[in-house]
Amino acid sequence: MKNITALLLLLFLTLPLFGQQRARKEFNLPDILGYKTLKCDFHIHTVFSDGNVWPTVRPEEAWRQGLDVIALTDHIEYTPHDKDINIDFNRPYEIAKPYADNLDILVIRGGEITRGMPPGHFNAIFLNDASKIKTDKWQDAFKAAADQDAFIFWNHPGWEGHQHDHLARWYDEHTWLFEKGWLQGIEVVNTYDYYPEAHQWCIDKNLTMLSNSDTHDPVQMEHAMGIYNYRPMTIVFAENKSEQAVLDALKARRTVVYSQNRLIGDEKFLLPLFENSVEFLSTELELNGRGWANCFVKNNSDVEYKLVRASLNDIVQVQREIILEPGKTTIFGIRAWDRKRGGKQKVKLEYYLENLLVRPDEAMKYNLELTVKFTPSE
Amino acid sequence: MKNITALLLLLFLTLPLFGQQRARKEFNLPDILGYKTLKCDFHIHTVFSDGNVWPTVRPEEAWRQGLDVIALTDHIEYTPHDKDINIDFNRPYEIAKPYADNLDILVIRGGEITRGMPPGHFNAIFLNDASKIKTDKWQDAFKAAADQDAFIFWNHPGWEGHQHDHLARWYDEHTWLFEKGWLQGIEVVNTYDYYPEAHQWCIDKNLTMLSNSDTHDPVQMEHAMGIYNYRPMTIVFAENKSEQAVLDALKARRTVVYSQNRLIGDEKFLLPLFENSVEFLSTELELNGRGWANCFVKNNSDVEYKLVRASLNDIVQVQREIILEPGKTTIFGIRAWDRKRGGKQKVKLEYYLENLLVRPDEAMKYNLELTVKFTPSE
Amino acid sequence: MKNITALLLLLFLTLPLFGQQRARKEFNLPDILGYKTLKCDFHIHTVFSDGNVWPTVRPEEAWRQGLDVIALTDHIEYTPHDKDINIDFNRPYEIAKPYADNLDILVIRGGEITRGMPPGHFNAIFLNDASKIKTDKWQDAFKAAADQDAFIFWNHPGWEGHQHDHLARWYDEHTWLFEKGWLQGIEVVNTYDYYPEAHQWCIDKNLTMLSNSDTHDPVQMEHAMGIYNYRPMTIVFAENKSEQAVLDALKARRTVVYSQNRLIGDEKFLLPLFENSVEFLSTELELNGRGWANCFVKNNSDVEYKLVRASLNDIVQVQREIILEPGKTTIFGIRAWDRKRGGKQKVKLEYYLENLLVRPDEAMKYNLELTVKFTPSE
Amino acid sequence: MKNITALLLLLFLTLPLFGQQRARKEFNLPDILGYKTLKCDFHIHTVFSDGNVWPTVRPEEAWRQGLDVIALTDHIEYTPHDKDINIDFNRPYEIAKPYADNLDILVIRGGEITRGMPPGHFNAIFLNDASKIKTDKWQDAFKAAADQDAFIFWNHPGWEGHQHDHLARWYDEHTWLFEKGWLQGIEVVNTYDYYPEAHQWCIDKNLTMLSNSDTHDPVQMEHAMGIYNYRPMTIVFAENKSEQAVLDALKARRTVVYSQNRLIGDEKFLLPLFENSVEFLSTELELNGRGWANCFVKNNSDVEYKLVRASLNDIVQVQREIILEPGKTTIFGIRAWDRKRGGKQKVKLEYYLENLLVRPDEAMKYNLELTVKFTPSE
């Protein structure tokens, strides 16, 4: 079959024999501080509660979308398909595990304690036996999870199913759980919702920040995979890609929240994430005769960084906004107020990294330090 | 809450309360010959056989992708999830029906008779009781379907699971079925595969041509919804949008196959589909001083039509290829060989509609008739 | 040439003979109040000042992007290409006009009076002779424009080239121009920049609001044509598509500003734009047994409307945000607080149309009135 | 300005101060054989002949689209803008050069000898003075180019402006040029057109193969920058990124043609391009109990490679087609015919690289060698 026309015909009419085209698009984020940066989603449903996909779909979706770790967390107290499905809270994990192994996706056994508010919904992950957290009293469910050394976190604390005004509220029950050590983290983001109150609680009480999809349907129905449109993810900084290392990192609060192109977390993580993502091709700029110079920055990550000018600079005029597109080299310009000035000069340009949030109402400050060389104008 | 900054904050941080963004994108194809043009997919699986989604997902996907009709056709003889699911071949339909009704999607009860080759796999649709086609002998399964006045068609006749060289073969068993009236149509396209042998059989034996997704996973895993990338569909020309009218149309062979921006079928359907899709803003063109004129064509459908020149014209030079993008107005040019000539002239430009196939090796011919007005050049 | 393989080969290897694929994508916005809704860009440069494209490129770009009207407005006082180009301020119009006529694009003759601040930069459009506004004193330039019955508007009043802090300032010179009747409108948006001060001045002083691209380079270099990413446009409500009607509409302040999926202007225009864009498939909703109902809305325009809940409703729980995607049918849900209640009930859901701005800090309010039918739950 | 709502407001309303967002997307293709792989376009027009953009636009476009080298080649004999522009054939280069230097784009001085057929149109590049090739007799133009040690190639040899049937024809004039050494290469691809005759001549006569855009308008009007939709490029394998090294590589015929996701050229270049583009994550595969195994391949280039099965394999069933998406990891499956067989086995899977063309009618063969480990089934 040497003839290209025949080949073209085939091309037009065929695709893979054994099923669909399967491809993984990495979500590029750099490693930092000696840790491996893992992309995780710890809140996922299947047909074994009120989800609508078979458990194997979850690692396949995760693999394609560039994730490393998922937890299957079906509702314990809400199983609307039980007329047709024999509910066993360990089956989602058992079914998904060999499939996930094949794709090198870590899958974590979990379950969602699904109670009225307070205390509301909580995920317990790293369970040995998910069926044990099905108890009459909610307190017993937490105890059963804690007995298995699970990691337990509060889901969507301001969910409108519980709080009609969408405001997260802290009840005595949460104090009780917190004091027991049974409330180790909170979803600062769930699906598309950000909870500023939860963000502040995590800062104040040293709780782990999480961001999860809570996906029930095929994930692409809920989170289109366009650019900047990845599903919400908990970014975990782990010693290595293993269940134990992920658990250790969660307990040590080494996480950052990713949601719709925003990163939310502690500056100690956000700053190296940004700095390891970008390359300034030169930080010594020579102004041309008109007093202008271009700065080239390569963004090797899949986050689009948006810098917004925090103050006017005395020496050079700078852009009000700089957008560093993912995977691209961006140019931004500076211009000397006085182009006749000679010599070299260090300038410190003050910016906010607009989509990097260190507190509920505060973007991370970033000082861009450049050396500017003035050519005395003739 | 008058302040726009607060609104923006909300916007950035929220999306629908009750779940994901749900939107339908029509797949625009015109009605023809007094019939309603329905977009159908008659081969779809769920968790009740080897599919990986809950039955309600199927009408939701269909609604979003602009379809009108789906059939749920789980394998009768292959049910790998039966350890966890109580298999009942009528349940997929029963579960999906109220969900589909709400979205005005017609859902048809079906089942896939899944046997070795020959005779291979067949869908029986418009069943009253899908469980009755579970029989020991394959002949009895067809009889049970026929007894329910089902519409029965042969699936993916050259599937590599059966035919390693991907060539469809007609066996005595097919003759037997055909003569009984139990083989009423064939999938000319299944998933991404086109079967030219099946195409020819449909022409020769007056069988209904079908094109179906055979989707097992979430449909977006198998058929990305980019432009020109819709799932394969059977286009049905029905009296109205009702189960009975769809069945009547299938029996009357009023269908056209859609697959990856190609339409395959009889010229009596393809020609009006094309002609009702496009508007020539003018078919009388006045040449300018250089002997040129532009022709504007609006394509109101979601098929991109590709015209390839079939012959050189004596009077005007014409484009070798004209691409009519979906939903857009396209310009193509003509140029007089002799711009000094005066008067009006009818020209017939011979094209192939490259992506409209009337036989396995033949694109539909289309004569584009224009009147050209020559301005005698000074 | 009957053989499809040969056709495919051709397809793969060819495209139009006479040049590139040329197609127009309409920017759909409904007509309102008996006027025709025209999409206009009144601030455009060419190689005849500091622009970088030949004048014919401008109508071609406008045609492809769905515009109806453009003005060519080269700088009068800044012509950096004059070493290579014989500067004549009427040539851009003369060159572009026949090209634009062919595409049914209206092209308006203009010029940009380009002075230091105050008074800054102004466009004079609908000129008869653009060269006459080249004068020594800026006052004479305005007079020369006014003598031609031009429409004169202030460009990018807070441009950082003039105002380092990006704040628009009103000087005595503007009062002088305004009182003469030589300042008839202001660019509320220029390129990507919105000027809230200018927005307020237009409201307070009854000035025409404009939004223009100020494009210098090929427009796709500056304004990618992705979804929601159209260039800024002045939306004009005119008696018909003619130069005179556009001028009349500008003088009568019948405009709305479009910029990055936002519409800015008077409620008397924004409300009918929204209402003529969307179709509520039903405004009488029957709640199901669980107290839920779906509302279907078709958005026939190319603006994505974003509704943000303004208040909680007493009778039904409603989505915090509703996004009406362009060209699609969207579903949003409501849920009765008390599903046991019977009877019919009118409900008024209070929303902000988040991307429709009636004042600098105020989104347009919209009350969505529905009738809800309660089925008394058994 | 600590408040995030204010930041968001700014974000929504602003973009760069000094002009548009400028970003470069690399076109990733690996280096091979010790050479640097440069992406080049040697046929580009500006307003100085019949192009429609100012010369500086060309290096800007090239930078954004990931190119390394461009040649400006305005028509010498056709200058329709000469009423408005003072035509000087060296000006395009002089104007573009400093702009290109700033972006690290190499710009080559050229000109297009634009004559009737025969001999047709030719580009002379690496000129010192482009005005010298404006001569009365075409023979003198070639001599003037050769005297400057230019590289001379034949443009679009089957262009319909010259050959109405789109077939390239070799005339005595071409033999004369060839024998003088004044015809050193041919455009195998120009714009969207591939010339199989020219392809064969390059093979037979040892001529350099080129692929160029021949862009006249803004390049995005002619070549959308979607995926697989890059402009046509001549891929040059050079000692380094310098004018001299590019000229040396062209003379040594170290080029490959890129056009619409196809690579055309000698196997000695195509094979290492493919092999350096892809990483087989493992070439030793262990079959699972059902006789299946997955192979993971990472494609680090921006070419989508399409492998079409050339023959059936005796030991394993293999996919009819494998598509390696750019920048992604793709899975393809194999399945043992006889899963009960034990031991390790080398298999050689024969494929065509469908979009890599070594001769006009021949795709490149590629043998994929894997080791398969059979687990004797229990």
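Note that the chains take the letters A, B, C and D in the order they are written out, and that residue 1 is the start of every chain.
Rule of thumb we're sticking to: contacts are C-beta pairs under 8 Å (C-beta built on N, C-alpha and C of every residue); 3 or more make two chains touch, one makes a residue touch a chain.
As the structure is a computational prediction, the values presented were derived from the model and not from experiment.
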| item | value |
| --- | --- |
| Contact-richer chain pair (by C-beta pairs counted) among A-D and A-C | A-D |
| Copies subunit B and subunit C touch via same or different residues, half shared test | same |
| Between subunit B and subunit A, distance of the C-alpha-averaged centres to the nearest whole Å | 38 |
| Inter-chain centre distance, subunit A versus subunit C - centres from mean C-alpha coordinates, in Å | 35 |
| Contacts with 2+ other chains: residues of subunit B | 4-5, 8, 12, 14-17, 19, 160, 166, 317, 320 |
| Contacting residues of subunit B [partner subunit D, same complex] | 4-6, 8-9, 12, 160, 164-166, 312, 317, 320 |
| Subunit B-touching residues of subunit A, taken from the complex the two chains share | 12-17, 19-20, 47-48, 51-54, 56-57, 60-61, 64, 81, 84-86, 88, 91, 95, 160, 166, 191-194, 216-218, 220-222, 260 |
| Contact footprint of subunit A on subunit D as seen in their complex | 1-5, 7-8, 10-11, 14-19, 21-26, 102, 294, 306, 308, 310, 317-323, 325, 327-333, 335, 352, 354, 357, 360-363 |
